[in-house]
Amino acid sequence: MAVDEGLKIELGKQGVFVTTLQELYNWGRRSSVWPMNFGLACCAIEMIATTMARYDLARFGAEVFRPSPRQADMMIISGTVTKKMAPQVVRLYNQMAEPRYVIAMGACAISGGPFKQGYNVLKGIDRYIPVDIHIPGCPPRPEALLEAFMALQKKIDAQPLTGEGRPRHLDADAPGEFPVPAQGEHDLEPAANKNVWTVPVVIR
Amino acid sequence: MKTLEEIQAAIEAAVPGAGVEIVPNPAPSGEHSLRLKPETAVEVATFLRDDGELALDYLSNVTGVDWPDKEIAEKVKVTRAVTKTVDGVEQTAEETVEETRKRVEPGFLEVVYHLFSMARSHGPVVLRMRTGNRSDRVDLPSLTPVWRSAEFQEREIFDLYGVVFKGHPDLRRILMWDGFKDHPMRRDYVAPDDFEYEPTPHDEVLARAQAHRAAQQAAAAAQEGTGQ
Amino acid sequence: MTNPATEYAAGQGIGDARLDGRMVVDPDSGTDLLEVAMGPHHPSTHGVFRMDVALDGERITRLKPVFGYLHRNHEKLGEGHTYLASMPYTDRLDYICSLTNNWAYALAVEKLAGQEVPERAEYLRVIVGELTRVQNHALSVGFLIQDMGASGTPLMYAFREREKILDLFEALTGSRMMCNYMRFGGCRVDATSEWLDAVRKVVTGLPQFADEFEQLLCTNEILMARTQGVGVLRPELAVSAGVTGPALRAAGVNYDIRKVDRYSIYDRFKFKVPLGEHGDVYDRFMIRLLELRESIKILEQALKEIPDGPVMDPKAKIRNFRPKVGEAYGRIEAPKGELGFYLISDGGPNPYRYRVRPPSFVNLTILEDMCLGHNVADVVLILGSVDIVLGEVDR
């Protein structure tokens, strides 16, 4: 049940704080998103720069970089995912506990970027795992990563706890594991996870 | 530093029958190179490293180069005897015809070594070696026993070009995964067709994009056929 | 068709060895060894690099580096692009020092095509190149200490200085990291006098930063205990293995390409080449701090002497650039070692062969030799002291 906004402000003046369970729960979740300490390529340096004094990611409650996927809430795919690395990225994602989020940082993680024509470059990590936020740029500036954090926080804030659109960890039917691609003789097998990714329609 | 001719003479004196050829380089850089015979390469390399005056103790760079089979069309003037019937009498006359002949120059894989001297601060001396062909005679002697720095670079050439270095201590794929079968840096390697092309004005890319779309539609049609 | 290369590999019994905490017996001593795959995801700050190590207790008995997790097909793409189109790709080789990569590539192409570079452009190249070296050395020392467990503080000092230098790069080239600044026969844009003043201001502050950094770190007891005598590299092995850059000079070999080749205008500047004595991690760490100070000296001289004039050779061809048939190998002293580009031209608009000689990759040849007999915790430290960037190792 939603509380009337005016009443809420009025009660707040009296020192009574009223909220819903959903708001409280999401406020807690969004304010301590711990990223995984996981850098792939060029963007990782900008990711580190974001955590340093000038940009100060700590303002968003996300400065605690965890080396272990078990303790992390969010994975920043910071750089080119190669076909040799892709199975490990999916495996790391599988090892993370729900709720978990993915930010695809930079052109390479989104689509292969400038290296798209390479034989060993995966054309976007969203072929294997669901991505929540994409940030363009090569590499994106630290400000762009902060913007992505804020977008993710808004996304978490808006998630209902029940019904349609509830997050994966509250949905018993949602898939928890994503198949890890195998390294074949010429390419990754399968080339994409059909449940996650569909062939984009290019409008000409 | 000695000139390349002097180095060649020194090698011939130290390793009889080395058969080192000078490969000229027409670029302004003027870095001419020496082509070694694979049979004597290790001996020559050891000499270059240990010779007091050359002291090429530092192998900087090892490069693989792929030279695929080249089809060369040449116009050749051919003179041949032609029998003609003139006024009921058979005559033999010589006639010159211009013919286009195609010959295939067999391809090969090449490995290029750039040597410098740290002790005497000179260089580079460029060495090259060729394989017999691109398919079954692809082995060359490894120079890793002479210079350690060749170790990973030769593994890379083995991985990406398929040159087998005999005498290499640990010849495995280095950049691609172990089950990978192709040699992607070869010029005839076809990469997996796995991305959508952007609309582009370049003809070559457009042609590839159209081929890609046709292949995808065929695959989709085949899948529908099996599904029903 | 059978492939002799794969057959050879199969004959050698070479396959993907999966090393997930498996026990094997050391044939020599008969003791149980624990095989561990360190990486490709690991908490140190050197990217997706894997080391397969065999441990006898905590002691390393074998270490095999595994590459390729960031193999982005740089060389293959370079063969499919025009000479100029490869320039932005070189930014992404060693993504901490994009400007020196630009420089090495421009130098190789200029050698191939026989192009001249105007005076002012050479000075600008030296200025941005040395700024790059300063920020790389500060950063690599910061990362080394971070790997040691001193989480945060030294790295924050390094990044504070790096941000100042990145601001200069951004003002000059338009990008913080991927500068794409050099062209064949000069530089893309000229620097304004305001920009040069801003550089002077930053360079004036650099010695203070170096003092602060040294006071913070050099006499720290934990640092000395962890680094002195660890990962010793002998000079003969270093030369044979083609190690270049600070790691080589820490082993006591006097080889700096700025002095040896005297490329660009380095013969005009007075600077020293610091050399180490022991070749251990501490020496490699100290060499970087000393080189940082020498770079400041070069910067001060270059900023004093920079002349006016064009930054681009007016005869240089930008469009339809086709060097004549031939080949060239151009190299510079990049912050991590010798960065070389080997180009073969067949007269076309694209290079026939485009090869990068990456310093980080070749410097890793002796990683096993440096690590043997040390504790597993020292491996990360030794790796950090070699100073690698995976973009360059795997290309």
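First chain written, first letter: the chains are A, B and C, and each begins at residue 1.
Please note the rule applied: contacts are C-beta pairs under 8 Å (C-beta built on N, C-alpha and C of every residue); 3 or more make two chains touch, one makes a residue touch a chain.
Nothing here was measured: the structure is a model prediction, and the numbers come from that model.
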Chain contact topology (line, ring, star, complete or other): complete
Pair with more cross-chain C-beta pairs in contact, given A-C and A-B: A-C
Rounded Å distance, chain B centre to chain C centre (Cα mean): 29
Distance between the centres, which are taken as Cα means, of chain C and chain A, whole angstrom: 31
Distance between chain centroids, defined by C-alpha means - chain A, chain B (Å): 45
Where chain B touches two or more other chains, by residue: 175-177, 179, 181, 184
Multi-chain contact sites of chain A, meaning residues that touch two or more partners: 84, 117-120
Junction residues of chain C, two or more chains touched: 68, 71, 73, 76, 394
Chain A residues within the chain C interface of the complex: 37-42, 44-46, 48-49, 52-54, 67, 79-80, 82, 84-85, 88, 92, 114-115, 117-121, 138-139, 141
Residue ranges of chain C in contact with chain B within the complex: 1, 3-6, 8-9, 12, 14-16, 64, 67-68, 71, 73, 75-76, 111-114, 237, 239-243, 253, 255, 260, 323-329, 331, 338, 340, 342, 344-345, 352-353, 355, 357, 361-362, 364-366, 394
Contact footprint of chain B on chain A as seen in their complex: 83-84, 111-112, 116-120, 123, 183-187, 191, 199-200, 202, 204
Contact footprint of chain C on chain B as seen in their complex: 25-29, 31, 57-61, 63, 65, 112, 114, 118, 121, 124, 126, 135-136, 138-139, 147-149, 151-153, 158, 162-164, 170-179, 181, 183-185
List of chain B residues in touch with chain A within their complex: 175-177, 179-182, 184, 189, 191-192, 194-199, 216
